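Please find the structures below.
In what comes next, chain A is part of two complexes: it sits with chain B in the first one and with chain C in the second one.
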Partner chain A sequence: MPSSQTPPAGATAVDPTAVRPDIADARIIRVGPADLRATLAGLKADGFTMLLDAGGADYPGRDPRFDVVYHLLNLKPGAATVAAVGRPERVRVLCGVPEAEPVVPSVADLWPAANWAEREIFDLFGIRFDGHPDLRRIQMPADWEGHPLRKDYPLRGPARERSPRPNFALKSNVGAGTPASGRTAAALQKQIAAARGQAVPKDDAS
Partner chain B sequence: MAVAELPGGQFLLAKLDDVARWAQSSSVWPLTMGLACCAIEMMTATAPEYDLARFGSEVFRASPRQADLMIVSGRVAQKMAPVVKRLYDQMADPKWVISMGACASSGGVFDNYAIVQGVDQVVPVDVYVPGCPPTPDGLLYAVNLIQQQIRQGGRGGILARA
Partner chain C sequence: MVLSMGPQHPSTHGVLQAVTEIEGETVMKAEPEIGYLHTGIEKSAENLFWTQASTVIERMDYLSPLSNACCYVMGVEQLLGITDEIPLRARQSRVLLCELHRIASHCVWLGTGGIDLGAISGFFYAFDLREKILDLTELSGGARMHPNYLRIGGLRDDLPQGFIDRLDALIEMYPRRMREMRNLLQANPILQDRMVDVGILSADDALAWGITGPALRGSGVAYDVRRAFPYSGYENYEFDVITRSEGDAYARFLVRLDEMDESMRIVRQVRKELDTPGPVMIDDTKYAAPPKETIALSMEALIHHFKIVSEGFRVPPGDVYQAIEGPRGELGYYIVSNGDNRPWRVRTRPPSMYNLQVLKQIAVGELIADMVVMIGSLDPVFGEVDR
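== the complex of A and B ==
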């Protein structure tokens, strides 16, 4: 039996809200960058005090190309017992971001948890967050070029895209090895062969 | 020449080379560095069932200044590569490197932008250990190969022969 989160057969995942307006216990709201901050601030005032996660998505060929997704949880701070909390309410906010101007307002001041999440989205999708206190890469090295989770980013990176795959089978403890240790490894191979009474291999390293 | 007096007034004569290499090969101290899941097998190699201490290598040092052996146990991310290189540079000579597992040796299944395709692009590797992950026996054998190299005056030994 398909779960409630399974998209209908034949549906393309271009716009999640078109495929499934709501998911189980999570409301889905789609807004534009202009309304994003007001929407999120309003939700926080309504009790959605916890930002579970923020992430990005890339839909090449769609306009707007990117989505920034916020997952919010209503912790019901007034509830005294577990029963009163029940199933906490969830909201998922999707914000389309155009490729030409990938900028959305930061909510790091509303939820400190958004700080690193927004840095991650910036790092991997190249979406900038206006008003973020410290917007720099968080996962890739600081001097990295490109944004790897974009669908048009080459899987092996731009530099190695056409290079052959390294071959583990060519690496040997007693034959090849790196130059520094190769000399020793070849000598070791000779000694092992001599101890076994086999023909001593030629030293082709030098 | 090294001369030792045994109980009963007996002597042992040995070449200083051999004594030094015997001591050195019996105390190959690894660096405390676990990069990924191979590190779990590396820890298992120190546990009683496999007992790396039999070969004198159970003393994992938290400082590269005190370590002789770097066990690259896992995939090396592009961001981690400079750190690995720096730790290797900080280790005092003589020093050895074991590339543990498929990822450290060739990138393994991670043929992508984020992973260095073989740690031998960053530091010189003495012994490769195949496997995903290698068994603790495999790592023990790699340590044994390093010891063998040292006893035969291999690269890096304090009294290395040419």
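== the complex of A and C ==
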């Protein structure tokens, strides 16, 4: 049961990643899974030594449904001063992944940094990485079902049976005929008096 | 023998489990296991209004909450196309608070890092300094840890009365306190013995593993987002990017210590500019709620306030990657909007996660007792690693 707070899946008609050329935060390259490895290996050969980040995004209703988003940085290893670093180039590689076959080649052998990032995408989006050395869930428990960052995954988790609450209105567990506390004290006094051989105190009622 | 360090271990700085294969005392293989603190912050952010989302985003790196908020807010401002319209005083205050939080975060690292190695006294000095910064945070936003003080378009309020005086007191006490901490920790021969030549990371490896921040600069690469991609007016301030070439735990230790001094240098420069008053919120009623005083007098202001609070505002479709230099390295947000009043996707580039991952490599061949040194020198925050 989706929570009332979950926005309707498939609410996006446009592809938000292609409409803002005015934001100059990175050079954008869009590829398919078949060309992804060649593109990334080529970029690495061009000096993009650092894989800044790999993340996923889900656009239900779009074909392909998922994006795997890589950010690369052109940073020289010997750049020991601010001037040598300069303003490195940043590249964003967007790889569309179809829902029917959510498989992307892994780049964990090119950049070891990709290891955990790809595991996280696998965990949270269900996109598999072909050739990954250790593709397991990383954030969610190993036996978790479903991929939480997919848009059709409800915010408050999968539907569950409501756990039974004890019904405190039914006092069936309380023994019948238990005397009220004042009565108990009187009964105890009687017992003590009988044991000591004294006169048994009379009930207040009599 | 396989030894599991954590997830409940005081020296792993949070809920990290390091599954370690050891032979004698030498680490043969180390596999960090994370995810014990996964709270689904990215998913939560997708279900909140743009302004509300910064409240959960602040909770990622809980040792410097304002750097998270600052980065997210600036990313959204880029999507809105209002980056150039943010008032100067708001940008200056953001720089001031980010640098103060960098010092506070490094204080926690310094104090707990010392405790890991048995240096208890330094902890109290470092946390006392941090306490002063948390007091300032409380003054600015009302809360010590997560003030939610930054807004898309500026700040919630101007810095309050009395803030500047307390800031001056902090600036005055800082050099002495720093000297004391350096005497206690940096000059300590035991600490040096424990850290020198431990966990060596070459520049090439650091780049391949995506290491940023003090850990990368400790390996000799002078990459600092504040200089490479200046934001919020950092190009106007003088400071040095500290680098060391050794690449060991002690180099990372020294880089962070020197960085605190550089941060204080920026704080002193911003302090001078704060004498000039000015607006702190963008003059655009689309994003800024009307001042509280006008609500009692004007029906339009009341309706407007109600609309902003109950419905938020819409952000034009698009995607953006915004990065800042957090205390742990390049903190980035890849934000996607589909034109709605909620973010479509907020992907964090968590510097701690990439920095921590390298433990797999640098721990091999080291002593098991040095694991805590290496984890401490990478300075992970698990709210950010697991999100």
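Points to keep in mind about this one:
Basically, the second predicted complex is superposed on the first by the 132 of 206 C-alpha atoms of A that agree within 3 Å, B and C clash if a C-alpha of one lies under 4 Å from a C-alpha of the other, contacts with A are read in each partner's own complex, and residues count from 1 in each chain.
The working rule: a residue touches a chain if its C-beta (ideal position, glycine included) is under 8 Å from a C-beta of that chain, and two chains touch if they have at least 3 such contacts.
If you're wondering where the values come from, they're calculated on a predicted model, not measured in any experiment.
When both complexes are overlaid on chain A, the residue A:Gly61 reaches neither chain B nor chain C.
Note on chain A: of its two partners chain C and chain B, the one contacting more of its residues is C.
Once the two complexes are overlaid on the shared chain, A:Ala113 sits against chain C while remaining clear of chain B. Once the two complexes are overlaid on the shared chain, A:Ala80 sits against chain C while remaining clear of chain B.
When both complexes are overlaid on chain A, the residue A:Met140 reaches chain B and chain C alike. In the superposed model, A:Leu155 lies in contact with both chain B and chain C.
139-141, 148, 153, 155 are the residues of chain A that lie in the contact sets of both chain B and chain C, per the superposition on chain A. Residues of chain A that touch chain B in their complex: 139-141, 144, 148, 153-157, 160, 165-168, 171-173, 177-181, 183-185, 187-188, 191.
The touching residues of chain B, counted against chain A in their complex, run 78-79, 102, 105-107, 111-114, 117-118, 120, 124-128, 130, 142, 145, 148-149, 152, 154-155. Chain A meets chain C in the complex at residues 5-7, 11-12, 14, 16-17, 19-20, 22-23, 25-26, 49-53, 55-58, 69, 71, 75, 77-82, 84-88, 90, 92, 111-113, 115-117, 137-141, 148-149, 153, 155. Every residue of chain C that touches chain A in the complex is listed here, in rising order: 34-35, 38, 40, 42-44, 46-47, 78-79, 81, 203-204, 207-210, 220-224, 227-229, 241, 243, 245, 316-323, 330, 332, 334, 336-340, 342, 344-345, 347, 349, 353-354, 357, 360-361, 386-387.
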